[in-house]
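Take a look at the following structure, please.
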Amino acid sequence: MINVTVWNEYRHELESEEVRAVYPEGIHGQLKAFLEEDFTVQTATLDQPEHGLTEEVLGNTDVLVWWGHIAHQEVSDEIVTKVHQRVLEGMGLIVLHSAHMSKIFMKLMGTSCDLKWREADETCRMWSVNPSHPIVEGIGEYIELEREEMYGEHFDIPVPDELIFINWYEGGEVFRGGCTYRRGNGKIFYFQPGHETYPSYYHKDVQRVIKNAVRWANPTANTYPVYGNHQPLNHIQPK
Amino acid sequence: MINVTVWNEYRHELESEEVRAVYPEGIHGQLKAFLEEDFTVQTATLDQPEHGLTEEVLGNTDVLVWWGHIAHQEVSDEIVTKVHQRVLEGMGLIVLHSAHMSKIFMKLMGTSCDLKWREADETCRMWSVNPSHPIVEGIGEYIELEREEMYGEHFDIPVPDELIFINWYEGGEVFRGGCTYRRGNGKIFYFQPGHETYPSYYHKDVQRVIKNAVRWANPTANTYPVYGNHQPLNHIQPK
Amino acid sequence: MINVTVWNEYRHELESEEVRAVYPEGIHGQLKAFLEEDFTVQTATLDQPEHGLTEEVLGNTDVLVWWGHIAHQEVSDEIVTKVHQRVLEGMGLIVLHSAHMSKIFMKLMGTSCDLKWREADETCRMWSVNPSHPIVEGIGEYIELEREEMYGEHFDIPVPDELIFINWYEGGEVFRGGCTYRRGNGKIFYFQPGHETYPSYYHKDVQRVIKNAVRWANPTANTYPVYGNHQPLNHIQPK
Amino acid sequence: MINVTVWNEYRHELESEEVRAVYPEGIHGQLKAFLEEDFTVQTATLDQPEHGLTEEVLGNTDVLVWWGHIAHQEVSDEIVTKVHQRVLEGMGLIVLHSAHMSKIFMKLMGTSCDLKWREADETCRMWSVNPSHPIVEGIGEYIELEREEMYGEHFDIPVPDELIFINWYEGGEVFRGGCTYRRGNGKIFYFQPGHETYPSYYHKDVQRVIKNAVRWANPTANTYPVYGNHQPLNHIQPK
């Protein structure tokens, strides 16, 4: 069974009654609640020792789910380096909503990962543009979220390896809201929904996409490449 | 269980003792032999009525494997159109070796699909360049074929959605020898090995790649998009 | 100077006073009017002999601009084959609006090229998502068209080599409205604006994008690849 | 005219007579020698104050060419951050040979950028696989280097936005030896040739590719995107 670790900054929920009303067990609690229908799930949060991401935890994680927002800078560079190394080794990574500016996502992307945003209770329609992709299995032509934070282009990311969703917002913007990347041996999925004051993680299609993404990002039993000096096939004499 | 149909032109084997010595049951027979270890497999050949690809057969096929070489022009345009339609609906397609110039592959690609070639008993090394892809699961850093026909660049194909293998040949050429494409709801994999006088389809890694590709190309339970006139979300009045 | 040929079906303008009011010289006339500010431009239309696309015309064309809608089926397969061959040889191709279902575009794409549509006088915003691309040089973050026909996803095309614009429509849809492809030696740009009853080709930014695209698609002085049997580098003996 | 800055680590040339014999004016000197046939060129080296990359120099640079090898770790993180920011703003970057593990390239890629290597005086053939790309304008089907260091797959980079060259080596390896990326508003080209003991930068085709790449990477007059809070189109009320 796939081992999932859900990492959450876990600050909004402690500081804001409005957020707590939506996610009484924390955003990580709700993510865990539906993910453990299909997977083995543990959680980790910023204020735990080593942010809950010890080498043992990372070593046993097949897919890491990441939610963060106001405390990106408090995540230690040392832990980010370890998570980065694990992704290159093959661990899957699901990056949710405002984690677009998390240290780990920015380090993997190499860009600013900046965007436009607006909180205005707008309807968001996420159109599936890659209909045969396993991440949209069981999803219709679009996911409609009655209210979600607007994230708009330009989204300063590398061109996705696969573009899965394009978001539409009432106020006039579009957004590449579902994107896959491969880095080293690891697979990464960025998924836009999940503003802390909206109940997006209770939406059945959002849950389905995240579950599909966990299966897609689960490391396959592939050979890890060997780097460095290499012997030739035949008659060549290395100096 | 995944339903695979293996289509073979089946001419070389009838005309050449050399080929028959390698593939006494036909190339389709050998492909079926290892594929049926994991899947439900039937075969179809050019000289059967409708080339063995009746609507019933196509309708029951999850993944179609295609081998052809000297008789591409004898495949009827009508059957090609039906296969093309089924791919757009979601049927997977594995295109092997000299089928790079089959009517169905050219129709799906939109290019000449031409290349360089040479028969010279050369060693071929297929390097995996997409190490986390399910198609290379269980494969090492490269597949080494003691002898294979040289196929060389420029290979006149659209840029692959995913480049999986790059081939190396003794005589100085390289080739994009494993390429994925999505067309409509269907997934396509082109794979270079399989010259009729070489035993490539007995090679364990070649078999493993083809099996992996069948699983990857198997249609997922996705929604088939709706096309045509579309009603707006809200306050817009169509003319 | 770049030699541009503007091809237009030229039927709506003859049949409809409403269209003629917008494009009194035909859509090709208006495209020619602004393109000849920068390029050498000729026009060709469906009802001319050989649709105006003789071998001499095609041979002298660096970039072909194509507009068609209601008469795609009247374009002869023979001419389509010649245009296709010229694209593979290096001629640029700009495919406008309803030409998404022209024979030439479908042949180059290999898919149905189908989409959703609606005529409802909606505002369209085309967001630039590839800010360093020469096709958007001089264009701001988006192009706003007060009224344009809605074209919506899913757009059944191969994944673009480069996604340049994503369109937003009032009624709730998005669309990949600017897409580049390379096929053979030729460069192709699909661009959404241009419904026959709207003045999109008078819009300065639309004109600028089409001019930029002509420059981008202009064939470079590259080597045309050689295909077929190929001699090895060194010690290999072809059979 | 395009302003090019050639940055060189400039250590091998000072330490090794063998290298000095090939590049008596330093690698940067030879790069400058042919680049200034077409562009305005200045050089900068590691041991200059701020590595020669002051804000003024960076601010006046359209395209930066980077060569480094044994002293990547001596490049200050502060300068790397400034160069990174300039690339995101639009400055072009040409990354040569062993600079695949430079801090700036690794920061832009987000991966280890590791590879296989061997020094064995092998012939290298770089096959052009993107024949209509401006970077290969004027280049034949391949570039042949009598001797070059072997760089082999797996090359741990993100999938290139465009794959331009695939290298073949006598000893049995292949390598993605010419790759483009877009990051922010900037264009990046990685190009494999240039081991310090081989005369690759005297090779006319290598020079032509680097010149073509400078033109391709030169920033276009595009709009720099705006990020942050954004006003809606119409009737939406931000909270």
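Each chain gets a letter, A, B, C and D, in the order it is written, and its residues are counted from 1.
One rule holds for everything that comes next: a residue touches a chain if its C-beta (ideal position, glycine included) is under 8 Å from a C-beta of that chain, and two chains touch if they have at least 3 such contacts.
Note that the structure is predicted; figures quoted are calculated from it, not measured.
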When A-B and B-C are ranked by contacting C-beta pairs, first place goes to B-C
Same or different, please, for the chain A to chain D contact, judged on whether over half of the interface numbers appear on both copies. same
Tell me which chain's centre, taken as the mean of its C-alpha atoms, is farthest from chain C. A
Centre-of-Cα separation between chain D and chain B, whole angstrom: 36
Counting in whole Å, what is the centre-to-centre distance of chain B and chain C, each centre being its mean C-alpha position? 31
For chain C, write out the residues touching at least two other chains, lowest number first. 125, 128, 130-131, 141, 152-154, 159, 161-162, 172-173, 182, 184, 225-226, 233
Using the definition of touching given at the top, classify the network of chains in this structure as line, ring, star, complete or other. complete
As the complex stands, chain C meets chain B at residues 88, 107-112, 114-122, 150, 152-154, 156, 158-159, 161, 170-173, 181-184, 225-234, 236-239
Show which residues of chain D lie in contact with chain B when the two form their complex. 125, 127-131, 141, 152-155, 159, 162-163, 166-168, 172-174, 176
Contacting residues of chain A [partner chain B, same complex]: 90, 123, 125, 128, 130-134, 136-141, 161-162, 182, 184-187, 219-226, 233
